[in-house]
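As structure tokens, here come the structures.
What follows is chain A paired twice: with chain B in the first complex and chain C in the second.
Presenting the complex of A and B:
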């Protein structure tokens, strides 16, 4: 029984983490039809930036609690700097090209960003720890479920995931910008003809997507050693999540994250040999049975 | 089978590479060797791209070919180079014939994603298989060719010659296939599948066949790479490896069977020199090259030649 609860708790924590990373990916795909491989690099950028900023914060002798602010700031920084630079500097010239070509453009971008990270931060693993060994991971204390101890930091992950998903769903359904966004998703050309500034919508969407990748990276940084190559590992997981749920679907990303998270947690506890295998097995099965993912509606007629 | 200028050019290229082998400096032999292995894989990528299909999981067959070769050495104690390539052909042929039934219905990004999922499944299996060395993989050594023992000092040259022979034969047959009635359907499928169906050809069957051919080519490339490097690991089916094949295919273009072979050599040259002079930025160099090629040469490097001929 306790193992089952452990699977549930681990699964939900892991799902939240996956959702935070995958939601930006699915948002960008939904609006811009770009399956952004460089999302993995933006995630890594978020992690590395937060190592630097938290390091500065701790070294300045400021109260350790403020390191959470630094995590948030890193994500915002990644979104506001990398997002606009990539969208204005590169992607804007590629709109209207074939989806597969766009994947390859972001793959090239991924290669460039991976080395950029190496140039800035070097190749050694980095950790977020203060002079007294404080880390945002352990600062909040622990909680206990069925005799197992978990850091409260995991609750932060869950809260951020729920808040992000809720805020996006609310913004899409209730705000004016959200409705404009839905119009652009539905038909880009007609929206442009009706006077919606599609270029601006793309710009804002990509910036928000980049910021979400940054949030994922910044929140992950305290829990792992921050190394080069972490983006490559995460991006295929995020692909699995969004493909299972349905590319470009917000509830799909949530469902995909839950499925992958729980499957992995179950595999880790009951059959560790199949941990990675199980995730991609589910991805393949979903693609075979429902190629457009679990949350795909009927295809909108284009002609 | 009628032989045209290109067929003769392929055979001539093979002959020249074979004869030149012993005279070339060893760094050039290694570079050519790796390029030929890569080139063979990318020949298959080119065939798929002629159908308008991009696989983001061809590392699957590259890796399967390599592991088929490796297991022949490890488990069956038959370290024969020809048998290894034969095993790779059989294994990749069978696996791709099965997976191809599913994949042949998919296009665009869904084809890319499903092929990615398949390759990552193999990755997930291999990294957890302790008997095959998990993430470390294991060493492969080929000691005979067709039953004849090879002296250790001529080992490298033998591996190189074998790569030349297999790449040449692959390019030769792929060229004949592409020029044949069935091969030409690839371009028609890329243009308009419905039209191909109305004209009485089965799109499914053509795509399936091309997928199997491309997988077998990747398997041959993988087996050759295994004996060339002497070591195999699950990274061969990790997604960046598949991405690299797509990269070389984009760089090369799909104009001719020479494009992938030449493109692989250019790629290997860029990688070696970039790695030599700035080990921390070689990926960046590759990424920038890829962007430049996609923006200024959408037809790949090969379009440089055709453009000249037309003008």
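Presenting the complex of A and C:
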């Protein structure tokens, strides 16, 4: 029984992390039909930025609790700087091109950003630690479940995942901009003809998507050693989750993350040999049963 | 002995002759060494970059003739070493083409390099094909020389079997009552080999132990929450791990607040390079090794002091870790073989008492040794290094063995120290020639 509870807790924590790294990817795809490979780099940028900002914060001798603010600030910075630069400087020239071309464009961007990160931060792995070894990961203390100790930081992950998902769902369903967005998702050209500023919607969506990638990176940074190449690992996982849920679907990403998280945790606990394969197993089964993912709507045929 | 002394003396004369006589056509003016190591990616920080720093420091010092005995001759055999450094990142396929470029376009004399086991296995047949003297730097897989036989390929560091065998001996010496064993290793060649060797060894040395769980997270997984829970609930006495790089650091960061190591002792077979990076995150009492008598385990000697001093001059005061010692082994092994070959050539070619052809014979003898001659001298050789004596005894004289050591960590004033160090002789922890590592372990370490 206690092992079952451990699987649940581990699974939910991991699912939350997966959802945070995947939600920006599915949002951008849903609205812009761009499979943004550079999402991984934006995630890495969030992590590296938070190492720098938290380092500055700790070195200034400010109270360690403020490092959480720095994590948040890093994500916002990445979103507000990288998002607009990429969207205005590159992607807007590509709209209307084939989806495959856009994958290649964002892949090129991914490679460029990876090298940019090396140029700025070097290749040595970095940590977030204060002068006394403080880290946002352990600052909040621990909780105990089923005889196991978990850092409360995991609760932060869960809270952020739920809040992000909830806020996006609410914005899409209940606000005017959300409804405009849904119209653009449904048909970009008709929306433009009806007077919706599609360019602005794309701009805002990409910025928010970039910010979400930054949130993922910033929240992951305290738990790992931040190293070049971390973005490549994440984009594969995020892509798998998004495909399972149905590309562009918000509830799909949530359910996909939950399934993958729980299956992986169960594999680790009961059958560690198959852990590596578990996520792709889920993906294969889902795609056999529903080739477009769990939450894909009927595709509107366009001429 | 006299011949050797004579040889050394004559080499000295030869060097003088070489510098004084530009008459010889196509005179070799340097030894070009292609050096391949991780300069980017997860393996660069702990392994690749220290190896590069060590290579540059060693080459600079050798070229200046500042190394202690028996390596005082400048460069290699009097010729300055020219270093071409290549990034090992990008996978085995990329490395094979980089290797071809090094050999065929850059025309290097020797290739020293490769940290990843996959890269070593991929390069081995290509080195044979291109007939280029190649020294594997730091990869651990025993398969290279146990499953293949090579002429141009050498490895001057011992393979990884000894890490597992010595770790088990150390563990059982210090904690004889352990019963429940678990592991967390990366799911690729090195991680699996490392765990299989450890599991096989402990089953032979202490029959009846329980292997409670073996976690094999993906290379670069980053998130270890579930694995830590699983290790915790398995109630294990021992956690064996060959994790390295960002994975080890992430695992330690995530495991440390979760009290995993309050009841389980951690064995880090390759933990040494991280000690200075993780103060406060490595629990006291962790068993660490350095894959040989490297780093903190290296016995004091003029060569060790030389390496530490030259390395620190380049690293900003950081001590050399085991990849730096592996680098020293590779360069000094090549240098020793080259100079031995040169000395032999001079010693045997000088036609004592001959009246004619003396000048021609002398000129030929003082040419740098050919690659074949260096290889002949390299095979089954023994040479001194900062980690002690290295013997090329396995793989028909192409694979090194050394002794090794393990120790236990404790935190002192914010620095991780290693105490209770125990040394293990090469013969105790390495298989004999011609027997595969796993067979040797399962046979109960028969010699």
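In the analysis below, the second predicted complex is superposed on the first by the 300 of 303 C-alpha atoms of A that agree within 3 Å, B and C clash if a C-alpha of one lies under 4 Å from a C-alpha of the other, contacts with A are read in each partner's own complex, and residues count from 1 in each chain.
Operating definition for what follows: a residue touches a chain if its C-beta (ideal position, glycine included) is under 8 Å from a C-beta of that chain, and two chains touch if they have at least 3 such contacts.
Owing to the predicted nature of the structure, the values given are computational and were not obtained by experimental measurement.
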item: Fit-or-clash call for chain B and chain C when the two complexes are aligned on chain A; value: clash
item: Chain B versus chain C as contact partner of A:53, first or second or both or neither; value: neither
item: Which superposed partner A:86 touches (first chain B, second chain C, both, neither); value: neither
item: Which of chain B and chain C A:44 touches, first, second, both or neither; value: neither
item: First, second, both or neither for A:124, with chain B first and chain C second; value: second
item: Partner chain in contact with A:184 - chain B first, chain C second, else both or neither; value: neither
item: First (chain B), second (chain C), both or neither touched by A:160; value: neither
item: Touching partner for A:258 - first (chain B), second (chain C), both, neither; value: neither
item: Which of chain B and chain C A:2 touches, first, second, both or neither; value: second
item: First, second, both or neither for A:288, with chain B first and chain C second; value: first
item: Superposition clash, chain C against chain B - the stretch among 25-33, 61-69, 79-87 or 97-105 that is involved; value: 97-105
item: Interface residues of chain A shared between complexes with chain B and chain C; value: 118, 123, 272-273, 275-276
item: Partner chain C, residues of chain A touching it in the complex; value: 2-3, 6-7, 9-11, 13-14, 17, 118, 123-125, 127, 133, 135, 137-138, 142, 146-151, 154, 220, 222-225, 227-230, 233-234, 264-265, 268-269, 272-273, 275-276
item: Footprint of chain B on chain A - complex, ascending; value: 35, 37, 90, 93, 98-101, 103-105, 107-112, 114-116, 118-119, 123, 232, 236, 239-240, 243, 247, 272-281, 283-284, 287-288, 291-292
item: Interfacial residue positions of chain B with respect to chain A in the complex; value: 54, 56, 102, 106, 108-110, 112-114, 116-118, 120-121, 123-125, 127-129, 238-240, 243, 246-247, 250, 280-284, 286-288, 290-291, 294-295
item: Residue ranges of chain C in contact with chain A within the complex; value: 39-42, 44-46, 49, 187, 213-218, 220-223, 225-227, 229-230, 232-233, 245-246, 249-250, 253-254, 256-259, 277, 279-281
